[in-house]
């Protein structure tokens, strides 16, 4: 379900099908999850979003599993239930162990706590931390 | 600067100094950043927070650098400037390369974008993603 | 459903009915949605909220449909499912086309993405953008 | 200022300059604001972000000024000071009047208020508002 | 400073001055803080906001100091620096002790932490907690 | 339900049972709510979180009911449905009256509104509000 309903593969235009095919091929899977079927009502957005995700979440300086952990951390902080469910499943598929899941949740909780303590105490940034960083 | 000012090492009680010492020893550094000096006005909170951070951010199923990347992702999503500055510096110290920093920011941006597209399109969670996960 | 349940028209006090009547007359509709029935347990808040909404969302320098688009943008960013559902429906009623809905979601997604990239890169405000603006 | 500093036009690679040129030509202006100079350290991200912004914020079903109002609404809700400063300036440049600015702020405030009242009262979504919408 | 600058008492219209006078009389103080001087550019919004604040933050079932603590908790969670600074000062003026301030920050931090752990673990609401509550 | 399911008392390890027992004894109740059963998969986190909650939410400079009101305010602002449901129930149990509930929601709504108006108008912090506070 979604505002305009979901576009299934058999009902999709050739343009949308090509993206669905690329999603399934890239992810080595045989199904498409609801997010893509919902935004397929806007093929330009579907294409742009998929190409960005594919480029950003693919191999790079950060490994694919770590990228999923980061995605989950953002999604939990944003309280996005769909994203938490889908990216948690995806992280498990990419190799996250139950131990890693638990540590991830503890880090997210702790970061959210200290983010607010820093803010509530109105702490000024240390000179050494100010950008630009000497890298 | 902070609501009650900062407690420097020389002005700290023995209880607070012991924690400052442990922070410096654990982090192999010779200074204390403002966050700890600000919450040192509440020694019980200082102790609890440091012990939690030490346990959660230390060695485990997730490596220390990845933990910092997750901390930065939460801090950016929460818009906490102090936390972004301090944990970005910390991540570089633990081995984050400029390439990793850039990928991290791209992932955070993308996750925040898709979190909102899912929400705005009111997408329902796929059956396969619903907890509990079959691990 | 709501914390205290919903107050239906037939069970409402004269004071609450008068506001329900004004909501229906102003909106040219014959029903009251759950939000109002929930806060009707606090008639002073119901009155204050309705009068503010009526004044702010009515005719002005910004047209009523644009006002709804802005309301949806805030609600999506806040992840408020009730508000997204009700204001998306309201925007369609006021003339939002499917094309506008799709562009709206793309803008919301993009704004949430760049908001975080700016924050993560710790970008300083350009001098030219600093208030007060020379209007 | 920014994590890695800002890349000025004269110091930019040909690839980055081409994007700076397109930004200035598209916006009919002769300068580049800090956001682009900060993310120019990641040319692929600079290109992807600019092309998305250009496609999404350009002419469409929603007029350019309304798009800026929506951008400001998201940025205020996210508390992104850089984005508020830059998009408020941009909105004025595209024709936002002081009256429109004031109404915009009142709507954003009101939406944030009712978003939380709905949530705090745990109001259930009305049947009539549930997706998919009969469009 | 603010988008349109600040409207000082001597430059204010009679309508705005009357509200400034009421703010000072109600708060038993002889100055007006920047928030009011900024939104005074929109006298209708100034009036509506002040009257709502006056009604909501005045004597009621919750005492004025507790109301300020709640205001601070929301402002820290929203990361609103102006609001944190002004309402923290206001809370101290109304009798918040340093001990209360410290407990307040610890509660805010803890609530933000558990809010995210609940969300990350995708915990379902217990039957006993579901509204409507039997009050 | 939760990512890994819920750990019931009869299936819990001695370590987890000891914490469940302490939760029930401290709260003078005979059941455990889902949050604890979900994070019990991580006994170290369960222990740390419970001990922190017990220390922070117990008797202190702020009374237990006020602490719950603050917890609800954070949870509503964070849009955490589980937390709103559980802490609203807890607040009623600790003596919150319907009148207090209504005032609480009005304060939370108002604070969220003014947080955004301050931010949207880009209001600078008054000198008198800047930390450190002269306490």
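Labels A, B, C, D, E and F are assigned to the chains in the order they are written; within every chain, residues are numbered from 1.
To be clear about the criterion, contacts are C-beta pairs under 8 Å (C-beta built on N, C-alpha and C of every residue); 3 or more make two chains touch, one makes a residue touch a chain.
For clarity, every value in this text was computed on a predicted model and none was experimentally measured.
Asker: Which chains are in contact with both chain B and chain D?
Answerer: Touching chain B as well as chain D, we find A, C, E, F.
Asker: Between chain B and chain C, two touching copies, which fits better, same or different residues at the interface, with half of the numbers shared as the threshold?
Answerer: same
Asker: What whole-Å value do you get for the distance between chain A and chain B if each is reduced to the mean of its CA atoms?
Answerer: 19
Asker: Give, as an integer number of Å, the spacing between the C-alpha centres of chain E and chain B.
Answerer: That pair's centroid distance is 27 Å.
Asker: Hey, what residues on chain C touch two or more of the other chains?
Answerer: In chain C, residues 1-4, 39, 45, 49, 52, 77-81, 85, 88, 98, 102, 104-106, 108-110, 112-117, 119-122, 131, 133, 135 touch at least two other chains, as defined above.
Asker: Determine the shape of the graph in which chains are vertices and touching pairs are edges (line, ring, star, complete, other).
Answerer: Shape of the chain contacts: complete, all pairs touching.
Asker: Considering only the defined contacts, which chain B positions touch chain E in the complex?
Answerer: That would be residues 3-4, 39, 41-42, 45, 49, 78-80, 131 of chain B.
Asker: Help me check something: in the complex, which residues belonging to chain C touch chain D?
Answerer: 1-4, 31, 33-35, 38-39, 45, 49, 52-53, 56-57, 60-62, 66-67, 69-71, 73-75, 77-78, 80-83, 85-86, 88-89, 92, 97-100, 102-104, 106-108, 110-126, 128-131, 133, 135
Asker: Hey, which residues of chain C end up touching chain A in the complex?
Answerer: Residue list for chain C touching chain A: 79, 88, 98, 101-102, 105-106, 109, 122.
Asker: Across the complex, what residues on chain B touch chain C?
Answerer: For chain B paired with chain C, touching residues are 72, 76-77, 79, 81, 84-85, 88, 104-106, 108-110, 112-117, 119-122.
Asker: Report the residues of chain D in contact with chain A in the complex, numbered from low to high.
Answerer: Contacts found on chain D: 1-5, 44, 48, 52, 55, 131-133, 135.
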